[in-house]
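Two complexes, one shared chain (chain A), two partners (chain B, chain C).
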Partner chain A sequence: MSGDMDDILLVFFQECEEQLQELERGLAALSDGESGKETINAVFRAVHSIKGGAASFGLENLVRFAHVFESSLDGLRSGRVAPTPEIVKIFLKAMDVLSDLVAEAQGGAAVDQDRIADSRTELETIMANATGSAPAEKQDEVIPADFTPVPLDFAPVMADFDFGDLGVEEEVPASTALVVTFSPHTAMYDRGDDARNLLIGLADVAVAHGGTSTVTCETAAVPTLADLETEKSCLSWRVVLPAAVPEESVHTVFDWVSDVCDVTITREGAAILKAEDKNAEDAAASLAPASTTDAQAPASAIIAPEPAQAPSPTSAAVMERIMAELPPAPAASAPVDAGKAQPVRQPAEQATIRVDLHRVDDLMDLVGELVIAQAALEAIGQANNGGHQEMNKCIASMKTLTRDIQDAVMAVRAQPVRSVFQRMQRVVREACSMTHKDVVLTLEGENTEVDRTLVEKLSDPLTHMLRNAVDHGIESAEDRIAAGKPGTGQILLSAGHRSGRILITIQDDGAGINRERVLAIGVKRGIVAPDAVLTDDEIHNLIFAPGFSTAATVSDLSGRGVGMDVVKQAILGLGGRVTISSVEGQGTTFCLSLPLTLAVLDGMLIDAAGSTMVVPISSVVETMMVGHKDIYALPDGANVVSIRGECMPLIPLASVLGLVRKRATGQSEEDVILVVENESGARAALIVDTIRDQAQVVIKSIEKNYRQMPGVSAATILGDGSVSLILDIPALVANALGRIDTRPSDVRTEIAA
Partner chain B sequence: MTDDAAADAKLVKMIVFAVGEQEYCIPILSVREIRGFEKTTALPFAPPYVCGAINLRGVILTVIDFAVYLNVTPQPDNPRRVAIIVESRNGTVCGLLVDRVIDMADIDLGEIQAVAEENSSLNGLVMLGDRMIGVLRLEVVVGQLVKAGTS
Partner chain C sequence: MPAASQIKALIVDDQTSIRQVLANSLAEIGFTHIAQRKDGKDALEYLEQNPTHLVISDFNMPVMDGLALLRAVRSNPKTQKVAFIILTSEASRELVQEAVKAGVNNFLAKPYTVAKLREVLEKVFGPIK
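What follows is the complex of A and B.
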């Protein structure tokens, strides 16, 4: 049982996550000045759903805060509050608190009560201002448009049920008791709500208005035990509330169940029907022509508009039965009667399904094996050259199919980086408030899609880098103004595809890296020798060294025990690279280049030292044979080759990888040269024995069962079942460039800038 | 050693194999399967005792030439050379290339005579009939494979 509960809770938290993203997106749109109804509704709905879910799990803190949040958003929704930047800022802050509360409920760190209280007060101020300035309006707002004093003529009003369309005054004699009848649908229980909560809510309302509620449970709809379906909702309730209770407060109670529960609210003696009853009629009407045996069905339509004493329970009971028999009809009409910002949710739900990640992973693995098997077939086909034209054709078409399947599966796993990027807004906000700086984070290319494993793993490194950018990159407002820059700092976080990789840049317009200081600290911490002569690029890279920190004092932000070295390790772990370029006084740019996926790559199969290896095709620029006259030896024993006037280091692959002891110098005539380039454009020439083939290979981790090898990023399995190593070209290039000090830094800064 | 878990049982089933002249044993529960020796892919910068990598149904793992590891002369043209695929307790899988697998035996852990210090790959020696058998500490062997040289 507790296991079930945990599962449900897990789903709730997943949904919270989604709702928070939705909220963030909405608020971001608001702060960009887009205050369309859709956006506001989306924001409202997100908070509302979190509140609803939290209530059913008894997450008190969350509910209380979400409620205040929701109420103030309601002001926005009804147009009483304008989404000014200040207000949006308050909402953003509230959202942070809300997401922390969700995390707290999930077992995370407890949220600072002061923060909650602060945010609460701010939200309440919004509400107070709103109601203070337009109290009369509010009264009208909350009364739905269908609240008409002409009870029998309800149908046309229903058809045009619009919350914003107001102006009906209340003429109901205030002295009569308020009768609320409601019958929950089965769906309400499915969602984890409980009628008990509603009853308690109603009782609270009654008490709040100085009276008590009388609750009667209608059991007429309950079938005999033998016919009882255990999971079907049969009961309905009739609650008599004191006359002083306004209907709007009853609405509030049913706010987040209105789509899965039939509610009628009537004044004793003067029946006023709620939209929900339209449902009954709809259902009944559609049921009636279908010659149902349920004689009461048509009756309910007639009874419904009549004065209130008896009808509601009956109609509710009937409706319950109709609902059960006609599941699609009420389901479709439910959002209409809810009447509160429901319509937008529909398309999104239809467009996506939730799939367990394991299944997609399994599928991915299988497709990987399929690619290998396909490669094996192809190898056989080529071995029997010419003999099997037909078979080769089949294999060729199978290859296309395999590739398409693979792409499709990859697409299933692909996710826009938006989810991570949006979280960064918050990181920057928090960092700003801690450092008392004013920084605007601009996002670009959030729709760039990446494999979801990557998306998840990007979060931590990006968080650190953005914190660093705010803490160390952007100067204080005074310094900025003194330097002739606007007081507000700018950070640009952008993502984009670039030659089969994803390129993420974090660009700030801060002071840039102070190279002297970095070098001095590097020397002080013993990371570099005091007499070392370093290029700018090497100095920049010092900030990635473990134990490096330029911060004179350990601040809240940088004192968390994680530094840029962790960032670099994380990026390297994903098969990515980090490059820095910095212009003093103008800012720093970090470029992260990452593979699109961690699963497959296009590779060139080459032979070196008797074994076949894979060079990622994205890093191969050209292949050629080179004569001896183009090769120049350097004093330290390494060689450079001049290709069309461009010199680049020569990497004898076999000996660099330590696979051959002999023949370290001198190349044979048959050797092939692969010109390879790393993501920042630095080139080197790789000497290999032969080029075998080009194929798509499935990346298999070798590090799970073996240590990391320099120059090798992963391994793969070839068509014949043998293992082949995938070369880590950027590492090889960097290694070669490090030994032969050419001009990598110039090249890199040019490219990065 | 994998013997901790079974400490109460005292008797542990071990698989006995020979490398050169000497016989060794490891707990049979850590053995995944035994395969014929196949061609391996050489790995750069590997210690001399690492033969290379093989593909075990989609999982890439390394094979240790146990003769080189233990510094005994391998039997070069031995058709009975096999790779014992073992999985250590932390989930690392690797192959041990041995000269031949002999049999299984119930080893009483209490009878193991310690011969080396804590971190040696040899846990101790045990008498099985009149044969002296070395009990290996698999975690040490496999651990070296993963950890050493990690930059």
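What follows is the complex of A and C.
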């Protein structure tokens, strides 16, 4: 049983996670002033459930704390305690402790006793100060001493139901009931046939004739454990069918197993039936009444081992449980087929299932390979074009299907960012209590779905950025009031989809970035040259430079040895970008732009100097041919191109990447260019030889297999099996802009002209 | 004197783990008919369709709680004679009294042992084989 218990314990911990999320949602609603009965009940129930479960599993620490927490929440529920902001804060703190205690029970780090004691005292204070009637005394024995259990006269209750399977009041089928005994040979199990299917088949027959079947399992032949041969069949069944059932129907059910089992069909009277039943009383099991034909099957809960391929169900107990679990016979469509059909467990309770992540990941990998194989097939089809119209049609529909499969798998892996976002509430709370600031974190777009690999990896960078926002972004309450702002700081964490990417913004209403100070520190740390002239953007980006820290004193919070450069690296590692905008006195906004998935990418295949490369479609604005009259040379040798009056740097892709370009710029009348942009909207034009195709490519890490290369973000395998590089457009654009100029375009236009 | 295998039981609790622990305990006593539902509403639907002798229900559940379920069960002629046991760790005396008024057969306090469960059941059904 201990294995079972371990499994159940795992389920319990999963439930705890859910309850904690529910608790967090509820408390968040409470702190927003939403103190409806439902909210309060949900909050109470979450803690109550954790406590109840923990008690069942003997998790003492958890029970003790949850009990105090529950009592004070009960005060809230009964209206003796009002959900004032102070009290909600205490609850939030208690929730964090509770969550850590759950982690502790799972084998995590032990929770600091002082923290538990503090929170406990706070909770008890709530109860001590509760208004109205005296708080309910803690009762070890909850059930009133004067309560007498209400005994039940067992038999009469039964009489109210139309059972038919209880020894005493057994309602015997009509005297001509059809009795089928069925004992499978070991050979039947060897062949892979399942006794359960046959019993379902019989139940179907019964339903078809407007009655029910009663099944009794005969366990007398089961030897003692010592003599048990696990491969040997020893169970048999006795099924009573309504009188209306013709014997032929029963033969049909057993038709295909008649060589490997013993079946007898008799019409018998009630007397024999009763006598028999007494013998098998303990093993009595009956199929659910056949009147139930809807999907609300009694999906019982002991998860029965799947016996279909098992050598032989030798354990009577197991078989009985399976029998108990049998769904009512499905509509009596085809009794013969019912015998062969896979037993269907009807999911009456859950609309969701838990699946190991690695299975989904494996599936995703396979889909990735499928995409490559499909592309290869497509390439062959195109090479032989004209010859195989039919094949090309098939390939085209396969392409659609491949994409649909991919989308479906992606959808399976997609998760709302809510789980991570909600965790951030705690991060902000803790940061606030350490810095003695008052900050409200508002969440937006928590339902935005992204690939779950990404969801998990967001946690660390977000944690750090939010700590930073509280520590460095938001001013102290006095400073805020002096600046004419409310004493409570605001941070907005929002997520949303934008053109195939997810955009996460962290916006605070703090002091903004002090550019002089940042620049001074940058110079002091030797990150920038003393005489460098930097744009505002460049100064902002200094905080991402390795070795940069503006905190006058290394605070407990942000100064934990991780700088913003680590955050930036983490985001870059996810294929994302970070941009900052900041207005002094009004606050700072960090913008993270991330791909929805780390697995596939829609790309444009282009050629440059004979190499095929991939440009992510999401960064391509337009493609066009430009004449040389629109290209202007700057004094430093770089070129800009004017497109509809807008100037942008021209990137000769081949030479930037160090490839030998076979055809020098300027030989032909026109060049093919791709107008690309980075996340902040800065544009540049890439000169390429030709545009080949548009395709979905599977991203393969180049760092893992080779090393990081500037201007290249990853690699992929094309349909013809060749390796192709995926260009890092933002890096290329930033590089080009850095070389040329970042002043407003009207200034540049003047120079160019 | 009913045999455990004759008693058709329904466990109602919103927590899967609690249901499974209880189902295991019942199976240990010898129960073979054990259905589970996650709240009062689902339980009522089940009871409507499936003859049942025993309901063991949690107090606090979403959608429809144990007390509401008990009242609904007692007000339906089809189900009113079902043995109803409330599984509780509830600290509230009022709720317990409400349940007594509504006609609960017995209580099972969490945490419990299999022996305790048997004792609670036998107070309702008499000795169970």
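Note that in this section the second predicted complex is superposed on the first by the 444 of 753 C-alpha atoms of A that agree within 3 Å, B and C clash if a C-alpha of one lies under 4 Å from a C-alpha of the other, contacts with A are read in each partner's own complex, and residues count from 1 in each chain.
Methods note: a residue touches a chain if its C-beta (ideal position, glycine included) is under 8 Å from a C-beta of that chain, and two chains touch if they have at least 3 such contacts.
These figures come from a predicted structure and were not determined experimentally.
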Ask   = First (chain B), second (chain C), both or neither: which does A:H48 touch?
value = second
Task = Could you look at A:P416 and tell me whether it touches chain B, chain C, both or neither (first, second, both, neither)?
result = neither
Request  = Using the touch definition from the top, say if A:G58 reaches chain B (first), chain C (second), both or neither.
outcome  = second
Inquiry  = Under the stated touch criterion, which partner chain does A:F12 make contact with: chain B (first), chain C (second), both, or neither?
reply    = second
Query = Is A:G585 contacted by the first partner chain B, the second partner chain C, both or neither?
reply = neither
Key: Comparison of chain B and chain C by chain A residues contacted   = C
Inquiry  = For A:P710, using the defined touch cut-off, is the partner it touches chain B, chain C, both, or neither? Pick first, second, both or neither.
reply    = first
Remark   = Note: overlapping chain A surface for chain B and chain C spans none
Query = Touching chain B in the complex: which residues of chain A?
reply = 365, 368-369, 372, 609-611, 657-659, 700-702, 704-712, 715, 717, 721-725
Message = Using the touch definition from the top, list the residues of chain B that touch chain A in their complex.
response = 39-46, 52-55, 58-62, 91-94, 145-151
Note = So, in the complex, the side of chain A touching chain C is made of residues 1, 4-5, 8-9, 11-12, 15, 42, 44-45, 48-49, 51-53, 55-58, 67, 70-71, 74, 136, 138-139, 141-144, 147, 149-152, 154, 156-158, 160-163, 165-167, 281-285, 288-289, 291-292, 294, 296, 298-302, 317, 320-321, 323-324, 348-349
Ask   = Tell me, which parts of chain C touch chain A in their complex?
value = 1-3, 5-6, 11, 14-21, 23-24, 27, 30, 32-38, 42, 45-46, 49-51, 53, 58, 60-62, 78, 81-83, 88-93, 96-97, 100, 103-107, 109-111, 120, 123-126, 129
